[in-house]
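So that you can tell them apart, the chains are marked A, B, C and D in the order they are listed, and the count of residues begins at 1 in each.
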Amino acid sequence: MEGSGHIVLSILAGILQIVMLPLMAPLVTGIIRKIKALLQNREGASVLQPYRDIGKLFRKDEVINPDASWVFRFTPYLLFSTTVVAGISVPLITTIRIFGFTGDFLTLVYTLALGVFFLALAGMDTGSSFGGFGSSREMTVAALSEGGIVFSILTLAIAARTTNLSSIAAAVELLPLPSLIPVILAFSGFLIAMLAETGRFPFDNPATHLELTMIHEAMILEYSGRKLALIEWASSIRLVLFISLGVNLFFPWGLASSVTFPLLAVSTVLYLFKVLLFCFLIAGIETGMAKLRFFRLPDLLFTSFILSAIAIGLMV
Amino acid sequence: MPALGTIDFWVFIIPAWFIAGAVVSLLLTRYDHAANLAGGLFAITGAAAGILFAVSILMSGTIASISMPTSFPWLSVSFRVDSLSAFFVLIISLLVLLCSVYALPYVKHYYGKYNIGLLGFMYNIFIAGMIMVVTADNGIFFLIVWEIMSLASYFLVIFERDNPEHIRAGSVYFIMTHTGTAFILLAFLLLYRTTGSFDFAVIKNSASAIPPLVKNTVFLLALVGFGTKAGIIPFHTWLPSAHPSAPSHVSALMSGVMIKTGVFMLMRLFLDIMAPSPGWWGLVIVALGAVSALLGVLYALSEHDIKKLLAYHSIENIGIIFLGLGSALFFLSIGDEAVAALCLVAALYHTFNHAVFKGLLFLGAGTVISETHTRSLEEYGGLIKYMPQTAFLFLTGSLAISAMPPLNGFISEWLTFQALFSGIQLRSAFVRGVFTLAAGSLALTGGLAAACFVKVFGTTFLARPRSHAVSHASEPKLSMRAAMAVLALLTVLLGLFAGPVVSILSKVAAELGGFAGRALAPPADVWSLGLRDGFANISMPVVFALLTGGTAVVFFAVRAVFQKGRTVTCRTWDCGADLSPRMEITATGFSRSIIMIFKGILKPTQQTDTEYNDASMRYFPKTSVVTLKNANIYETYFYRPLVNTITRISGYFKKIQSGSINAYVLYIFLTLIGLLVVYVMRGM
Amino acid sequence: MLFIVLLTAPLGAAVASLFVRKSTAVLEWLTLLASAVYLTAASGITYAVVVRGTSGEGADFSADALVAILIMIIAVVGSAAAWYSTGYLREEVRKQIIGFSRIKQYYILFNLFLMVMFLAVITTSPIIMWIAIEGTTLSTAFLISFYNKPSAMEAAWKYLIINSVGLLLGLFGTLLFFIPLLRSGDSNGLITWQMLLDSAGTGNPLIAKVAFLFLLTGYGTKMGLAPMHTWLPDAHSKAPVPVSSLLSGVLLNVAFFGILRFKAVTDRAVGQAFADNLLMFFGLFSVVVAAFIIFIQKNYKRLLAYSSIEHMGIMALGFGFGGAGPFAALLQMIYHALAKSVLFFSAGNILLKYSSTKTDKVRGVISALPVSGTVFLIGFVVIAGIPPSGIFLTEVSIFSAGILSSPVVAVAALFAVVLVAVGFLRIVASLLFGKKPDSLPGGEAGLRTIIPMIAVLSILICFGFFIPGPLRSLIRAAAGGR
Amino acid sequence: MAGQYFEYQFFIEMLILTSSIFMHLVRKNSSIVVLYMVQSFLVVLLLVLSSIHRLSAALLAVIVLTFLVKVVIAPVFFFGLIKKNRLKFSVSTYLNVPVTLVVLTALVAVAHSHFFTSFTAIITRGPDTLFLCIASILISFFLIINRKGALSQMIGVLSLENSIVAFASMAGLEQTPGLQLGIVFDILVWTVIAVVFVSMIYRQYGSLDVTAMRHLKE
């Protein structure tokens, strides 16, 4: 009886693991927008607005440049799928490895990179000036931020003696107090790199279409209709994916260590709460900070890298 | 001579077959087509035999060897093929097979212009040289075949000898590789001084008697010598100019396998013959690897010549191989054989992978070049519409080299990362620092490589044509596409079946590291691949399935749910002006931001040429050309001063030949007096 | 008998040529006939040496293994050069550079030159050897000034004076070697090498040392050891090409032969180390000087001359290092003689085509002269010691002898040799490749300028891969019993 | 050994050395040829002295021939050359007279220094003669270095040869007559060739100044 309940719960957790991120992603985006609006003394749109946007885009006709090749048409699907596949690896509510074969953090980073690779190609595919420089900037930032992401998670991996994300989360929870200093350092590194990876302030402005400042938006300028919808959705999943990584790797307290219903319920609530806090953090940063000039970004990214490297040095 | 049909016989017959092919090709030199066919068919059959031979050695685990004495006492024609040699024979044969298939139609455009018989001769000699290099068992014999390989490749580099640029590239190549050989010779001579033999087996048996100072000197000499061939920074300067000068299928071989022979010999020497080694050897190699990987990719980014760019990526990938190799040496020195096995597997795996995807990319580049007659990225564009299959294959190669899952580049890079992570967990702060920086360099390298290949693929195949060069491009001959397709398939298979590959490589590594028989290899089966004590595990089939399946599901789901969407084809809004190719981003423009970020390392020089409509009123420029180049700091701060110093010294020596007969007689006089003073004084 | 034939064949050709009027063909036939004769005679003598260990004729002439090697070198390179001369000079006549009287003078001196070289190696008397080597200077002086241009005069004059001075020092050294014999009262009659060897231990070692110093300086001048080498590039670059090939490939070896003979005596008198160190010093200095000058050389004939200096230096090193060195050095002597003549022949064809020895005036030789260009390239590979050439093996074995006895010298020489290859390649690449001038018609001059070259090249390549047993034992005997 | 003539030999050798030194000091080409003639004559005298007790017809023939070649034929050639081309004065030297003298003194000192003391073993009585020969060799050698004229260089080489012959005869190192004949013949041919060359050089360059021949420098 306990066995069958366990299995049922496991399947449930597995499904949750797969669908939770895609489903809640637009909401998180909406929440951040809302908080930002409130902080900026605006009323802002509803937190559900992103769902409506995506839905509307899905139903719209699309326009495609005749110069575009199959790369342009194929990219949104691949991007969406890589983001979702990457999301499966992230521990959301439990430290148990639900899918035993996934969860390696390098795989996660590189799977996400695959999406970016194609997105950058798609940006160049239509031959417009915007798309090209958007790709260039995106790849520049992505190349530099990859080190920060890898290293900040590596700090934890070394402490945990594993590169599996769920196991890292489980191990970090048990770390002695002195080890928290490197964890905090690594988190600062992670935060910077994550903002870059998800195209937030001070790296990119997700809400702009000004040619001088945009990176991500420039690449996808040619997209419309359902392809745009997929891309928008994927980027919001990407954001919540990184938020989840941040909250569950660096602050894993409350993650369910076994598959029982009460534990799962508590950890789900805790997880959502942590994500909400993180949303406040991001919104705060975006409100309090100006976007940096492009050539100032590398300094910040190298800072992230160095912070994580120091953290590794401190972690024995 | 071993009996016909035994495995030892094949050791001898495979190189002999290539040499026969070389001779036949040369004899047919008057008939271009026959020479091409002969050279190609001999290479293809020889390579097929080589694959079978290598696989049978790898599978059976036997060691094939033959040795024939020669007229010279210290020289014997000795071959010995253990699993490491067999592994390299396999890589070489595999790439040779595909490149030769590719070359059959490719070489046609040289008909009538250059000597095809000679090409076939040099090509087959080159292959025979490579095969013999990885199977030689005597130092002098090794040096001979090593130089044969270098010489043949030199002639292949200058094959299009009317172009002064190729001649210059060839000269630099020859000079550097010959100097490198001198370092190798010196290393062997030192070993000979202490062990009294040039035979690898003898040296290995008395390796423990070599004094540390000699051993360390040999290490440094061999590192310089073989590092030059491998193209490790700072000895790489020949590589970016030499590889592009050769015909593309040869470039593929040079980049894909020839430079690996340097890696092979480093493995052979340090892990096998001279083992055990002190820890700092490994750290030096790791550091060199880290520097080469990062700088290689940065130089590649600032390059617009497609073949040069690929050549720079070879430097990068050799750096990655060095990371694995160096870590293996280091872990062996501290006695951690299990991790050493992992590191070696990473190095070997990446060696294989790089051969496959670099071969693919060079063949692809060769196709593009032969269709457009230019090597400049700035003149391509939109080729995906003229040659969709080539584009797809090239994209596969690009993804593989950028370490994108689920292709093969990812898995070896993943293994290398894991190797470095093991180093980071060590106790010594210094060692940890080295490994941390190396891992950082690798992480950065991966990202930059992806950026670079976005640039290459984007500017070459996507968007609109940038020049007329593209307009007459079309798909190449079937066999050329087939060769590339097989390589592309291999990038997938090598990624998908990482588990079985790793278990084979583990055997090679175990034999090489001297810990055969102990189960130290990373546990691997068809489905997954894990590291000791569960540090990490990965399942490539699942990653593959998820990515392909996921994409398919998304695609069909979206199709199914939103059927109503209409797709309109319409030009991009162009603000009223015609969209022209000049509005597309250029290769230079694409990488400019990265170059500027790393300007401390790359030292870019920018040159702007502006032409105005009106001489007096400089408000409306007609054209403006920005040229972004990297200062060649090795040239400026090392090679150029070196050459200048030698030239200056030569100037002093030249003054001996002053032209004055009185001075000449005076030399004789002074020599005589000087000798008398020295010797008669000493005799007293 | 064979010894007499060896000397009379070229002498006869020279004398007979004196009486030839107006017919170039007769001159050519005389020389070619002589070459066939002395080639046969030399082979006969070598065969006798291989079979019996030595061969001799009366008290005056004898041949041991070393002599056999040298007469074979002289005969082979000499007859190839004779053959090549016929083609080369015809071509020059066609270009109206020279006339009949010149040709006649050429063949007379050419044959005399060969005769005195044969004499120098087969005689049993050191003094006759001296006279014969002086004879080489005299017979080649006018060959070097053959074109009667100011620069050729300059080269010839320098050649004459420097070599005369050197050889007089050699004479003085030779005479000093006789002192022990004098003490033993055995001064009547012809003094032979054997007598010198027998008496070597009896004299004052200091005198033996001084004698060898004079001798080494003197014969070293002729051999082209730095810093006494100064005449060599001038003479080689100004002489007609076949003569250059003989100077470089043969004459230097004959001078080295003299030094080796006396070294054997000195070794017995004062021990090996003395002469070994001297040879090492001069050898290294020659290699280094040649290497650096080759690095900035701009004239391909001078380049070949400096390369000869380098190789003489390496051979000296080989004998200085001991161990496996002498064997390898003698083998290298053979390789070098063959390779250098091949290189000079092909350089001659280039010169005929382009009329310039300056490297910046010559481009695209491979296109203009496919055969000569290729041969030049192969010659370069051989002479630069790049595998699979035999010189690579001999050099490696010299270095491996050196790394055991004097590592520093060996390492220095190794890098100098690399520098030579580098400098050589720069010139080879600029000569052979690239586009040939459009105004230049392609095609070789004629078979007579090609066949000798190919013939020597084939011998060279065969020996590079396989050394026949008799030759090997010959070299071994020569190296051991020096 | 010709011991009884030791004083004469010493005296003659002294004169030979003096003639070598004077070759450095004279300016006129004809004077240097005369000096060479004198020196050759002295050498012949020395040969006669050293072999007087075993004088044979063959030896006499050699001596006569040597006399003919060195004292008669060679100078005749040289005078003819000088006359034909009106080469009265030789070209200058590198070192001026005082410095030359200093160098010569040094060379004589070197010859007498302990470098060559072992040569005392050759002649037990009166090694000084041998040292004079060596001094003469070195001084003749230096003549070739110091002089810029082709003719002077030629004489220098011949003088060097004279000094060596003198040394050989002093030390009792004469060879068989046949060999000596060979050497003399060699010298004769050499002289002829050198004279031809000198006149050719004069034709090509308009002077005998060897410093004009400095084109081959690479």
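The working rule: contacts are C-beta pairs under 8 Å (C-beta built on N, C-alpha and C of every residue); 3 or more make two chains touch, one makes a residue touch a chain.
Quick caveat, the model's predicted, so the values are computed rather than measured.
**Student:** Contact counts by the stated rule: is the higher one at A-B or B-D?
**Tutor:** Comparing A-B with B-D, the pair joined by more C-beta contacts is A-B.
**Student:** Among all other chains, pick the one whose mean CA position is farthest from the mean CA position of subunit D.
**Tutor:** Using the mean of the C-alpha atoms as each chain's centre, the farthest one from subunit D is A.
**Student:** Go ahead and note the Å separation of the Cα centroids belonging to subunit A and subunit B.
**Tutor:** Each chain reduced to its C-alpha mean, subunit A and subunit B end up 36 Å apart.
**Student:** Could you state the distance in Å from the CA-based centre of subunit A to that of subunit D?
**Tutor:** Once rounded, the distance between the two centres reads 101 Å.
**Student:** Just give me the whole-number Å value for how far the CA centre of subunit B lies from that of subunit D.
**Tutor:** The separation of the two C-alpha centroids amounts to 69 Å.
**Student:** How big is the gap, in whole Å, between where the Cα atoms of subunit B centre and where those of subunit C centre?
**Tutor:** Comparing mean C-alpha positions, subunit C is 44 Å from subunit B.
**Student:** Got the subunit D residues that touch at least 2 other chains?
**Tutor:** 115, 141, 144, 153, 210, 213-216, 218, in rising order.
**Student:** Return the residues of subunit C touching two or more other chains; collapse runs of consecutive numbers into ranges.
**Tutor:** Residues 157-158, 161, 165, 206, 210, 233, 293 of subunit C each touch two or more of the other chains.
**Student:** Touching at least two other chains at once: which residues of subunit A meet that condition?
**Tutor:** Not one residue in subunit A touches at least two other chains.
**Student:** Sort out for me which residues of subunit B touch subunit A in the complex.
**Tutor:** Subunit B residues touching subunit A: 381-382, 384-385, 391, 395, 399, 402-405, 410, 414, 417-418, 421, 424-425, 427, 429, 432-433, 436-437, 439-440, 443-444, 446-448, 450-451, 453-455, 457-459, 461-464, 527-528, 533-539, 542-543, 546-547, 550-551, 553-555, 558, 561-562, 564-572, 579, 581, 583-585, 589-594, 596-597.
**Student:** Quick check: in the complex, which residue numbers of subunit B touch subunit C?
**Tutor:** 71-75, 140, 143-148, 151, 158, 161-162, 164, 167, 170-171, 174-175, 178-179, 182, 185-186, 189-190, 192-193, 198, 646-647, 649-654, 656-657, 661, 663-665, 667-668, 671-672, 675-676, 679-680, 683
**Student:** Please output the residues of subunit D touching subunit C within their complex, sorted ascending.
**Tutor:** It is residues 115-116, 118-119, 121-122, 137, 141, 144, 150, 153-154, 157, 160-161, 164, 167-168, 171-173, 175-176, 179, 182-183, 186, 189-190, 193-194, 197, 200-201, 204-205, 210, 213-216, 218 of subunit D that touch subunit C.
**Student:** Give the list of subunit D residues in touch with subunit B in this complex.
**Tutor:** Residues in contact with subunit B: 94, 110, 114-115, 141-142, 144-148, 153, 210-211, 213-218.
**Student:** Taking the touch rule as given, give the residues of subunit B at its contact with subunit D in the complex, in rising order.
**Tutor:** Residues in contact with subunit D: 654, 657-662, 665-666, 669, 673, 676-677, 680, 684.
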